[in-house]
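After the structure tokens below, expect a handful of questions from me.
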Amino acid sequence: MQHAIEKAEVLIEALPYIRKFAGSTVVVKYGGSAMIDEHMKESVIQDIVLMKRIGFNPVVVHGGGNAISDQLKKVGKESKFISGLRITDQETAQIAEMVLSGSIGKALVQALQNHGIQAVSINGKDGDTLVSRKKLSSGIDLGFVGEVVKVNTELLTSLMQHDFVPVVAPVGTDAQGNTYNINADYAASAIAGALKAQKLVFLTDVEGILMDKDNPDSIIRRLSVTQAENFISDGTIAGGMIPKAKCCMDGINQGVESVHILDGRLPHSLLLEIFTNDGCGTMMTR
Amino acid sequence: MQHAIEKAEVLIEALPYIRKFAGSTVVVKYGGSAMIDEHMKESVIQDIVLMKRIGFNPVVVHGGGNAISDQLKKVGKESKFISGLRITDQETAQIAEMVLSGSIGKALVQALQNHGIQAVSINGKDGDTLVSRKKLSSGIDLGFVGEVVKVNTELLTSLMQHDFVPVVAPVGTDAQGNTYNINADYAASAIAGALKAQKLVFLTDVEGILMDKDNPDSIIRRLSVTQAENFISDGTIAGGMIPKAKCCMDGINQGVESVHILDGRLPHSLLLEIFTNDGCGTMMTR
Amino acid sequence: MQHAIEKAEVLIEALPYIRKFAGSTVVVKYGGSAMIDEHMKESVIQDIVLMKRIGFNPVVVHGGGNAISDQLKKVGKESKFISGLRITDQETAQIAEMVLSGSIGKALVQALQNHGIQAVSINGKDGDTLVSRKKLSSGIDLGFVGEVVKVNTELLTSLMQHDFVPVVAPVGTDAQGNTYNINADYAASAIAGALKAQKLVFLTDVEGILMDKDNPDSIIRRLSVTQAENFISDGTIAGGMIPKAKCCMDGINQGVESVHILDGRLPHSLLLEIFTNDGCGTMMTR
Amino acid sequence: MQHAIEKAEVLIEALPYIRKFAGSTVVVKYGGSAMIDEHMKESVIQDIVLMKRIGFNPVVVHGGGNAISDQLKKVGKESKFISGLRITDQETAQIAEMVLSGSIGKALVQALQNHGIQAVSINGKDGDTLVSRKKLSSGIDLGFVGEVVKVNTELLTSLMQHDFVPVVAPVGTDAQGNTYNINADYAASAIAGALKAQKLVFLTDVEGILMDKDNPDSIIRRLSVTQAENFISDGTIAGGMIPKAKCCMDGINQGVESVHILDGRLPHSLLLEIFTNDGCGTMMTR
Amino acid sequence: MQHAIEKAEVLIEALPYIRKFAGSTVVVKYGGSAMIDEHMKESVIQDIVLMKRIGFNPVVVHGGGNAISDQLKKVGKESKFISGLRITDQETAQIAEMVLSGSIGKALVQALQNHGIQAVSINGKDGDTLVSRKKLSSGIDLGFVGEVVKVNTELLTSLMQHDFVPVVAPVGTDAQGNTYNINADYAASAIAGALKAQKLVFLTDVEGILMDKDNPDSIIRRLSVTQAENFISDGTIAGGMIPKAKCCMDGINQGVESVHILDGRLPHSLLLEIFTNDGCGTMMTR
Amino acid sequence: MQHAIEKAEVLIEALPYIRKFAGSTVVVKYGGSAMIDEHMKESVIQDIVLMKRIGFNPVVVHGGGNAISDQLKKVGKESKFISGLRITDQETAQIAEMVLSGSIGKALVQALQNHGIQAVSINGKDGDTLVSRKKLSSGIDLGFVGEVVKVNTELLTSLMQHDFVPVVAPVGTDAQGNTYNINADYAASAIAGALKAQKLVFLTDVEGILMDKDNPDSIIRRLSVTQAENFISDGTIAGGMIPKAKCCMDGINQGVESVHILDGRLPHSLLLEIFTNDGCGTMMTR
């Protein structure tokens, strides 16, 4: 009886969120540990399946985990570095495209479809989805590393409209037919912005944005873009927390309603963040 | 952390049901203690509001509680009985209609609307919804007590289509313009059948159908119509449990997918029955 | 032959009006003698049925005739007066609501449905149709007498869209859940204005607005709001004619195209007013 | 007052018919005296305009009156006869086509449009509406006189759908490109049948079908196809009344609901037939 | 093999135009030699049929060729002239209307329908398509010669929407019911403008607009309105070329995208102009 | 002038086919020489682009050319053979999938998009398009070589509906999550059958089905399934021509209207086959 009442309370807590976000587009950047550990992988897939089942429109943007390095090793390709930055030559870019689009994406599609959800794996070339250009980083030519110039959303919205979950590999192209590798966080951010997504979720290997990176209890639950700017200015957010904060700010600035940094190592963190009052991780809003 | 995992489990348990029953029509017979106790009243109203919010189509069929007797007393009307059965003369039928349609139904509408859900109270005359005739009970003329001959669903479906929750008082009419009082359980059953409702729920003052009426632990969680027939034949279901079982069988036979007998004295029993694996009360299916 | 030609002339006179008003919303305030005399009652019901049959959208707003007083008497309720004005305490308001919504409205629904037209009786609480507040009259607190603050038209238009004739009892509510009795003339005027009705018709016990209240031939056939104001200023419209004129002006000011005061004691006055060049009664336009 | 009541009675008599026939297709064969006398012409045009205004779909099939003979005379064309039957050679057929389609039809269009109704004059070649073949009459070759083999209704229904009144000249064609004159009565009958018209009306120079052709009072108001067959068999319908009866039977047999023979010399006979209980003329039904 | 490659090249040249103009409205003014020579007639009809088949919406506006003069001769009607201009009296206007609408238009309909395309012949009175007025030419009263005041496009667009090719005789009317003959070039121009046609094509007896009227090689392939104005000013376009140029300018000024002057004596000139890069004749654009 | 007439003739020949096949689904199996020679590649891409531009729905199913072997060589993978048949172990299947889906398909997408047509490259796992199982060939286990069990067409039709050209790599999966390589000819045939395609076109390295494989002039232009069966029985179709004939028969038996074997080495053979009377290559129909 006591158990029943507790159940009823969780449901009463969750139901308004289910209603509130019905039909929402949620872009999930999937990478890090949650992509390697088989148990966590299944937990993430389950959460995405449930989100789809109750009426959300999830879009998955994935990284490559260790698979790209493995394949480079197999073909005896050595990585070159300039000033400590890895250089992506044309062959590397092609191998990365093959691994991301021809292997990892297809495996995610299979995992989702095993739970009865239809999915389609594309990369940024399909439907000219990620129009890109060479990225310049402090004047160093990193080779075929690109940044997103424009997102054509027709293909993504068509797939969602027909109930397919899009699974996107962060590979782009330009009018000259070059193939570019793109940072998956930035690709997710650009896609979420172009889709005017309600939520953009980064599954990471940290608890969220921490005021003290060594103390998980120092997590910031909610903050605005302005607060984030101030925290960076005054040093509250520092070191490795800065790029994470910037990624969120980038998403908000591109029109996403809320951006979340979740701990991909916590089971069902996606579900808890969306359907409970407390949530987990950090949420940034305008 | 442990708490978070338990929450996630309740959600994972509930989500498939939310999906499964989205758009379902659920007819709730509301009466008994749940109609008298202010606290329980609010719990039932909350459950109906949540059901509507997440995409169900609830229809409420209500009884009159003590209000009809109170009003009869006020106008100095005495009840007559034949062989222990109460006789409903024309004046009594008219007073019952006034109380049900002009007072109780309107109060339910107000309670639902206080939670932001639109509702409309009708009786069986509106839109000729409950076409009725005089009910004969073992040859005794009970006066203006009727049974449903046909349910015209146009008004109910129009209201639901425009997002109004219908609140129905069990009063019917015939072609001669007579006014009949109808038993609310049977009215709910007829309405659920005509609407091809997914669920018909009776909020009662018992835990469910019990094999031993004095032992709540003897509750039957699920049973089919055939099983119910056998249980009645062999005396497992006996005494006051028989009419409850028959009411369920009646609903199933009219085309409802599942009929539930819930304990209206348990807070949020409606919610628990629909969104948890265990449910509460008794569920009958074909 | 002569008779045929006369018939043809009546038809040629009527046909353009039928065309002109097809699809029009006509709010009919039904009360007074036309509500008491059985013969007149049938004549009014016939006219409403015909209006509906040829493609108009009638909405009926009804008063309570003598039935409220009768019921008050039955329960031994005495009316209180302050400065000659009747005070409506909570119990009186509840009895009035029961009689209007649970008895008179339902009887009108039955009468219309006997002619094959579907109807639905609601009061201002259903669908939050008549949002009201306490009315103050020259500083005297009349109790639960209300005035309309806002008309939510969703329920009315949904019913009309599905070919149900709405029958409205002038009872309203506020956010605190109070029940208010509302003057039926003003309720009709507010509803007609909110629906942007083409016509608002008051069935009264006078021939129309008379320049000399004792001379039916002094009837004003057509007048504008400005003319009415002038007639009141210069005393042409005087005494009991003033509130009737004000009711019309009120309707026009709320956006109704034309407001009619008809003699409910003349058979088929509704029909004649709408379908003949001469009309009967008084018509006010902007 | 008495006058008002009479008006109300005519209206109450007419309204059900207006409702009953709303959206009906009514094919009017227009010819004879009603086509020559200017006053009657205007009366017919008025009736068609009113029918259209209140929601009927009239289709006019017209003859040529005296205009074809006049034009033949102008070009000095003499008519040939075999066994008393007029022979239509190719030149005569072409002149008839020009007069019907290029002059009379266009004048009717103008007359209707003067009353604010849009109309379009076509002949049976347009949209391949009247697929025809040479008519053989008792083995005599009458030249280019045709009978209707098939009616393609696409053009007629398209015009009606866009609120144009079709005005049809009874000229047909075959696959070899021949031009045929067709009897307007039979063309109207074929068109009404193909359109599954509710009514087919012949405006003639008689009161209707008479039992005694010299006594207008012997008019048959209503009869069935079977009755007509019997009346012809037993000689009740005789002489010039036979072809009129056969024309009606033909229409009914092709699927028209009722066929009417009216006196085109009586003002507004169309209107009276359709909107009054007594009607005028003869009506045949299945 | 060589032949196959040449075929492929023609197709590759044509396909983009087919795509580009799919769904376009093309108004074809049909007159001159192409209307008299049987072989050319068939070539024009074929081109219109093919245009319709691949998804264009052709509208044909035709002149009367020699047929009007022939008919006038038959009825012994002599033409009158003032200052060398032909006077159109009422009888002449009526005969022209009969010939254009009752004979030539119907023959074109038959020719198109022989190729399986549905067509409908109308004149400017039908659907009040060509609202006209008397044309004054340098102060001389030419009788019933009209100019277009307004084009009502409802009938034309309805016919096209239902896949009928409209064939229009240049006859107009005014509110007084007068019948006017209208110059077919100007009627075509007004219709094309009102329909916002993509193309207006004049089939003429010249190669196009020539800089030297005696040298076909001096043809101007493309020019803008401004260039045409300049060419007229500086005398490059002179003599009989001026009215042709003005007709084109008129079309462009009324909103047509491009106007073409083609040589109706060249087989399939319509097809070549539309589907090849070189085209034939002269094209004017804004 | 002569040139113009010849152009007109090619157009008149082509136009009916354009009309006839508008909206048709055409599955093109792209492989062989046409995939290796850069010039031919461009010719095929141009033909597909033009087909799409004029309203066809092309679907491309591609093989892997030499790229799979090249990649196997790079990772030092040796092929094993049993009884002369190549064995596809799991690693080989994965590499083939990566090359087909992650490299060749994406390059085709880019080539099509360079001409302004949107395309999307998928493999049989996406949207569970190619449900497969292990193929057994005369009892020899070839490893991860599959055959199509079922084609789910939802993804393909969704893409086409939104104007994306689907580019399909012949890789399939089963419920156990195995990855199978599928023969591209059979994949194309299964897809065309499931889509009820109007046409299935194989771009091959032969002229068509030859009666004498050494004599291109012995090509069979058209044949039915029955004729093909007879030709195989009587030895007219022999040797390497048999599998090609069987592939066509297979397509027809799965519901495709016509199957074409074209010479991919002939420029624009696709275009000529579809838009000229003679066509090129062999066409099989039921």
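Note that the chains take the letters A, B, C, D, E and F in the order they are written out, and that residue 1 is the start of every chain.
The criterion applied here is as follows: a residue touches a chain if its C-beta (ideal position, glycine included) is under 8 Å from a C-beta of that chain, and two chains touch if they have at least 3 such contacts.
Note that this is a predicted model, so its numbers are computed, not measured.
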Ordered by label, the neighbours common to subunit B and subunit F are A
Given over half shared residue numbers means same and under half means different, the subunit C/subunit D interface is same
The angle in degrees, nearest 5, through which subunit E must rotate for its Cα atoms to match subunit F is 180
Interface repeat test, B-C vs A-F, E-F or C-D, passes over-half contact pair overlap for A-F
Rounded to the nearest Å, the gap between Cα centres of subunit D and subunit E is 37
Averaging C-alpha coordinates per chain, one finds the centres of subunit D and subunit F separated by a number of Å equal to 62
When centres are defined as mean Cα positions, the distance from subunit A to subunit B in whole Å is 48
Subunit E residues touching 2+ other chains are none
The residues of subunit D that touch subunit C in their complex are 4-8, 10-12, 14-16, 18-19, 22, 46, 50, 53-55, 266-268, 271-272, 275-276, 280
Residue positions on subunit A within touch of subunit F in the complex are 74-75, 94, 97-103, 106, 109-110, 113-114, 118-123, 125-128, 154-155, 158-159, 161-162, 164, 171, 173, 177, 179
